[in-house]
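So that you can tell them apart, the chains are marked A, B, C and D in the order they are listed, and the count of residues begins at 1 in each.
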C-alpha cells in the first residue's frame, strides 16, 4: 500500500517488495490447481489408521453396527470431513449398518450431507441400513442415556421418524449393541467424552479422528489401548482413502488425498517466496 | 452423578458386567449363589476374601464421598471384586451392589454417599459365581472446611504477596525504583504523536477476552494511559469492543482519562462502541474500520486468538504503526512478524505501571522480579534435590515433587 | 459436474466470495458481508442468551412463576443481580452515573479473586514441577540415550548419521523428551524468565542470560509459526473444497 | 462514596473468592455457584447495553447519512430479523437445528466465520514474505526455525530429506517448550500482581475521578 515510489524500482527491489496481491494469487493457484487436477500423492498407511480400517472390517464379519459421532463444525471441515466420508464409504461398501449422530450442534449440516452423499452412492436405504439420530445437547447425559436405552434418549431421529419404526433399530437398543464407535472430533466435547462415558462404562470399542494439531494429545490413549485406532489430520484421512481405494470400493473419496499435494505445494511456495524476498532484500541492499 | 445412577440401574437390573467379557462368553451371576452351568455338578469353593477392608471419609472434599481400600484376595485366579454397600441402622444389613472391578484393583471411591447415613461396605472376591466376602468398618462421609491438598498454593501466595506488598510499601515511603526501558512501551508516545501529526485517529483493540482474563484488565489499564495522551493532544481514539462487560469499562476508562487531564468536554462516547460477540464478525468489522478510517496507529492489546494475524496484517496493509501485546503464547509469533512492536506476556501486564510511572505500581513490578528469583531458585534447587533422591538413603527427597503437586 | 440446487449452499458460497474479495481490496461486497455478519451474529447471541440464561434463569422464575413455585428467598437472590445489572443504565443519568461502577466492581472483584489461586496453581506450581529434572531421567533415560548417542557417533558414515546422533543427544529417541532435553528446557526457561526482569538493567551476568532467553523465544516463536501454517492452509483448502465439491460439484 | 463503595466491593469480593477456593465444603461451593450465576445475569444487562450501543452506532450513521450508511441498514436489518425469528422460535428452540434462526446460523454465520478464518492462509503468506528477512541474528533464528518446522510437517518435506520431521519434532518439544515455560512463569507472577493491585485498589484507572 506504499505510495508509488518516485524512481523506478530495480528488479531486486521489486523482488523484495512484491505486491501482496501477487502473493495471494500465487497461493490461490498453488492450492486450487492441485485440487481441481486431483493430483494425488502416495501415502504410507500407518498402523493406527489400519487399525480403524480393520475394526470396521471385523464389524462386517460379525454383523455388528457402527456408531459415528460427528464432533466437528465447518471450521475444521478440511481435516475432518474426508475422514467422515472415507469411513462411511468403507462401512457402506461392506454393508455395515451405520447410526450417525453429532454432539456439536454446528456439525449437523455436514453430518447430514456426508451421510446422504455416501449412502446414495452405495444404494443404502434409510431406516434399514443407516439412521441419522441428529444432535442433542449435554454430552455426558446423551452418551450415558444411550448406554441404557437409545430410544429413550432419541425417541425420534433427525427426520422426526420414531426409532421404533426403523427396522434396523429393532436390534440396536443400547450402546453395547454397537461393535465400534468412531468419534470424528475437532475438540471438546469429542472423543475424550466417548472414551470416558462409552468406552470405559459400556466397553464399546472406540476409535477417533482428530485434527493434526491435537493428535499429539490422542496418542497416549492409543498406547493405553483405550482408543482402537486413530486418524490424525488430513494425512490420516488420506491414508484411509488410500485403503478404501486399495480395496476397490467404488467411489472411494479423494478429498484428503487430493488436498495433501495442495498442502505440500503451498508450504514449498511459502518457503520459495520467503527466499525470493531475502534475495531481493540483500541484493538491493548491497547495491546501495 | 448421572453416571452412577445409571451404573446402579445397570447393576440392579443385570448381573455385574465383567469388564473384559467378550461377547458370547458367560458373565458370572453373583447374587444367586448357584452355578450358572448346570452341567457342572461339583460344588464351587468360594475364593478367599480380600483382607483389611478399610473405609474412610474422603479427605479434603465437599462430603458425599467415601474411600474404600483393601488387600487383595490371596486367590490369584479370581474374576474380580464386587463392591456392595449397606446402610447401618435399625434391622438387618441389606447390601446393594455398587460396582464390579477387575481383580487388579484394590480401592474404590463411592461418590454417592449420603452425609447423614452410616454405611458398611462389603468387598467380595468373585470366582465362578461364588464369592468370598469381607466387610469394612462403619463409616460416614463429611465435608471439610479446608482443603489441605492446596496448602502449597497458600504458601506460594503468601510469598508472592509478601514481595509485592513489601516493595509497594517501599515505594510509598518514597524510595526511588528503577525500571529498565521497554521498547514497545517507549514507542507508545511516538505512536500517539504520529497520529496527531497526521491528523488521523488511533485505533485501540482491547482483544476478544473477558475481564476474567488478566490480559484484558491490563489492556484496559493501558487504554486509560493512552486515552490521557490522546485527550491532551485532541487525537481521536476509536475503541471497538467484543465483550459486553468490557465495553462499559473501556468507555469509563477513556472518560476518566479525559476528566483527569482536564478535557472532559472533548470526550466522545460514540467512539467507544460495541460491535458483536462473535470472534470473526468482530475481526471483520475491525478490518473494515482499519481500511475505512485509516488509523495512523493501531494498538492490539489483550487476548487474541486466530484473529491476531487477520487484524495485524490488515493494519500493516493500511500502513499503520502497530503496537501489539498478548499473553496468548500461540499468537505471539504472528504479532512479532506483523507488528512494529510486540509486548510479550508479562510486558503487557507491566505496561500500565510503566506508562503511569506511579510509584506504587512500579513497586509491585519490583516485587514480582523477586518472585522470579524465587522461581529460579526453586527450579534449580528443587531439581538438584530431586535428582539426589535417586541416591540410596536420600529417596525421602522425592518430597520436593510432592510439595509442588497441585 | 453437479451444481448444487440447495439455496443455502448458494448463499454460503456467495458469502464466502464476498469475504475473500477483501484480499484484493475493500469493496461493497465485503462491506455487505461484514455488516450481515455483524448483524446476524449479534442477533444470534441475543437469542442464545435469551433462551439459555435471561429467560430460564432470570425472567421466568422472577416474573412468570408464582411464590409457590419459586420461594421468596430465591426471588430475592435474583432481584439482587438484576438491580446490579440495571445500574449499567445509570450511565445515562449524570447524577447517579457512578453507580454503574457497582456491577463493574462486583465482576472485577469476582474475576480477580478467582484468578489468583488458580493462576498460582496452573501457571506457577504446575509449571515449575513439570520443569524439574527427575531422578528417573537421570538414572534411566539419560544414560540410555547417551549410550545410544555414542553408538551412533561410532558408526558415523554420513551427514545423516551425524544429525541422528545430535538429535539423540538433544532429545533421545523420536517422540520422547529424553537426552539432555529436560536440562535444556530448565536452562531455557530460566534464561527466558531472566529476559523479563524489569527492575535491573540487562548488564553483567544478566546480559548473556537474557540474550540466551531471546534466542529461545525466537526459536519457539519460529517453530510455533511454522507449525501453525499447515492448520491455516487446511482452512483455506476446506473452503475451496466446499466451493468445488458442495457448490459446483466439480470434484 | 463514589469511590469507596466500588473499592470495598472489589476488595470484599476478591478476598471472598480467594478464600472460597480453599474450602471444599458444600456451602463454599454453593456460594461460588451463586456468585457465578449473578455474574452471568449481570452479563445479560451488559449485553443489552452492548446491543444498544451497536444499534445507536448504526442509527447515527443512517441519520447523518455518513459514508456507507446503506450498509448500516444491512446490519440493523440482519440484527432485527435474526433476533425476531429467534425470539418467535421460543425457549425450546435451542437444541433444534431445524429452527429457522439455527438454519441461518449454520448457513450464513458459520460460513462467514469459516471464510474469515480461511483468509488467514493468505495473511500467513504475506506476513512470512514480508517479515522473514534475515535482517539480524534474532530474525534469522526465527526464520530458520519456521522453515525447519514447515518442512517437517508436510509429506513433501520428508521426501526431500527424511530428517526434517525429526528436527521439527525436536524444535517443538525442547526449545519451544522452554520458551513457553519461561513466558508462563512470568505470566503467572505478573498476573497475580495485576489481580492483587486491582483487589487492593492500587490500580484503579477504571474508577478514575470522583470522590
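Methods note: a residue touches a chain if its C-beta (ideal position, glycine included) is under 8 Å from a C-beta of that chain, and two chains touch if they have at least 3 such contacts.
If you're wondering where the values come from, they're calculated on a predicted model, not measured in any experiment.
Q: Using CA atoms only, can you tell me which chain is the most central one in this structure?
A: That would be chain C.
Q: Measuring between Cα centroids, what's the chain most distant from chain D?
A: When every chain centre is compared against chain D, the largest gap points to A.
Q: So the centre of each chain is just the mean of its C-alpha atoms; given that, what is the distance between chain B and chain D in Å?
A: Each chain reduced to its C-alpha mean, chain B and chain D end up 16 Å apart.
Q: Hey, how far is the Cα centre of chain C from the one of chain D, in Å?
A: For chain C versus chain D, the centre distance works out to 8 Å.
Q: Quick check: how many Å separate the C-alpha centres of chain A and chain C?
A: Taking the average C-alpha coordinate of chain A and of chain C, the gap between them is 22 Å.
Q: Would you mind pulling out the distance in Å between where the CA atoms of chain A average out and where those of chain D do?
A: Using C-alpha averages as centres, the distance is 26 Å.
Q: Hunt down the residues of chain C that sit against at least two other chains at once, touch-wise.
A: Expected reply: 19, 22-23, 31, 33-34, 37-38, 40-42, 44-45, 88, 91, 101, 104, 107-108, 112, 114-117, 119-120, 122, 124, 128, 131, 186, 189-190, 193, 196, 217, 221-222, 224-225, 227-230, 233, 235-239, 242.
Q: Using the touch definition from the top, which residues of chain D touch two or more other chains?
A: Touching at least two other chains: 18, 21-22, 42-43, 46-47, 49, 51, 54, 68, 94, 105, 107, 109, 111-114, 116-117, 119-122, 124, 126, 128, 130, 132, 142-143, 147, 150, 153-154, 180, 183-187, 189, 191-192, 195-196, 198, 206-207.
Q: Find every residue in chain A that makes contact with two or more other chains and list them.
A: 20, 24, 31, 74-75, 77, 212, 263, 266-267, 270
Q: Under the definition above, what is the set of chain C residues touching chain D in their complex?
A: Residue list for chain C touching chain D: 8-9, 11-13, 15-16, 19-20, 22-23, 31-58, 60, 77-78, 80-82, 84-86, 88-89, 91, 98, 101-110, 112-120, 122-124, 127-128, 130-131, 160, 163-164, 167, 170-171, 174-175, 177, 181, 184-193, 195-196, 213-230, 232-233, 235-239, 242.
Q: Inside the complex, what are the residues of chain C that reach chain A?
A: 23-24, 227, 229-231, 233-242, 244-246, 250-251
Q: Give every residue of chain D touching chain B within the complex, in rising order.
A: For this pair, the touching residues of chain D are 18, 21-26, 28-29, 42-43, 46-47, 49-51, 53-54, 56-57, 60, 67-68, 109, 112-113, 116-117, 119-120, 123-124, 126-128, 130-132, 142, 180, 183-187, 189-198, 202-203, 205-209.
Q: Applying the document's contact rule, which stretches of chain A touch chain D when the two form their complex?
A: 18, 20, 23-24, 27-28, 31, 41, 43, 73-75, 77, 105-106, 108-109, 134-137, 158, 212, 235, 260, 263-271, 273-274, 277-278, 281-282
Q: Would you pull the chain B residues touching chain D in the complex into a rising list?
A: Where chain B meets chain D, its residues are 60-63, 143-147, 150, 153-154, 157, 160-161, 164, 168, 214, 217-218, 220-221, 224-225, 241, 244-245, 247-249, 252-253, 255-257, 259-260, 270, 273-281, 283-284, 292, 306-307, 309-310, 312-313, 316, 327, 329, 332-334, 336-338, 344-346, 349-350, 352-353, 356, 360-361, 364-365, 367-368, 371-372, 375.
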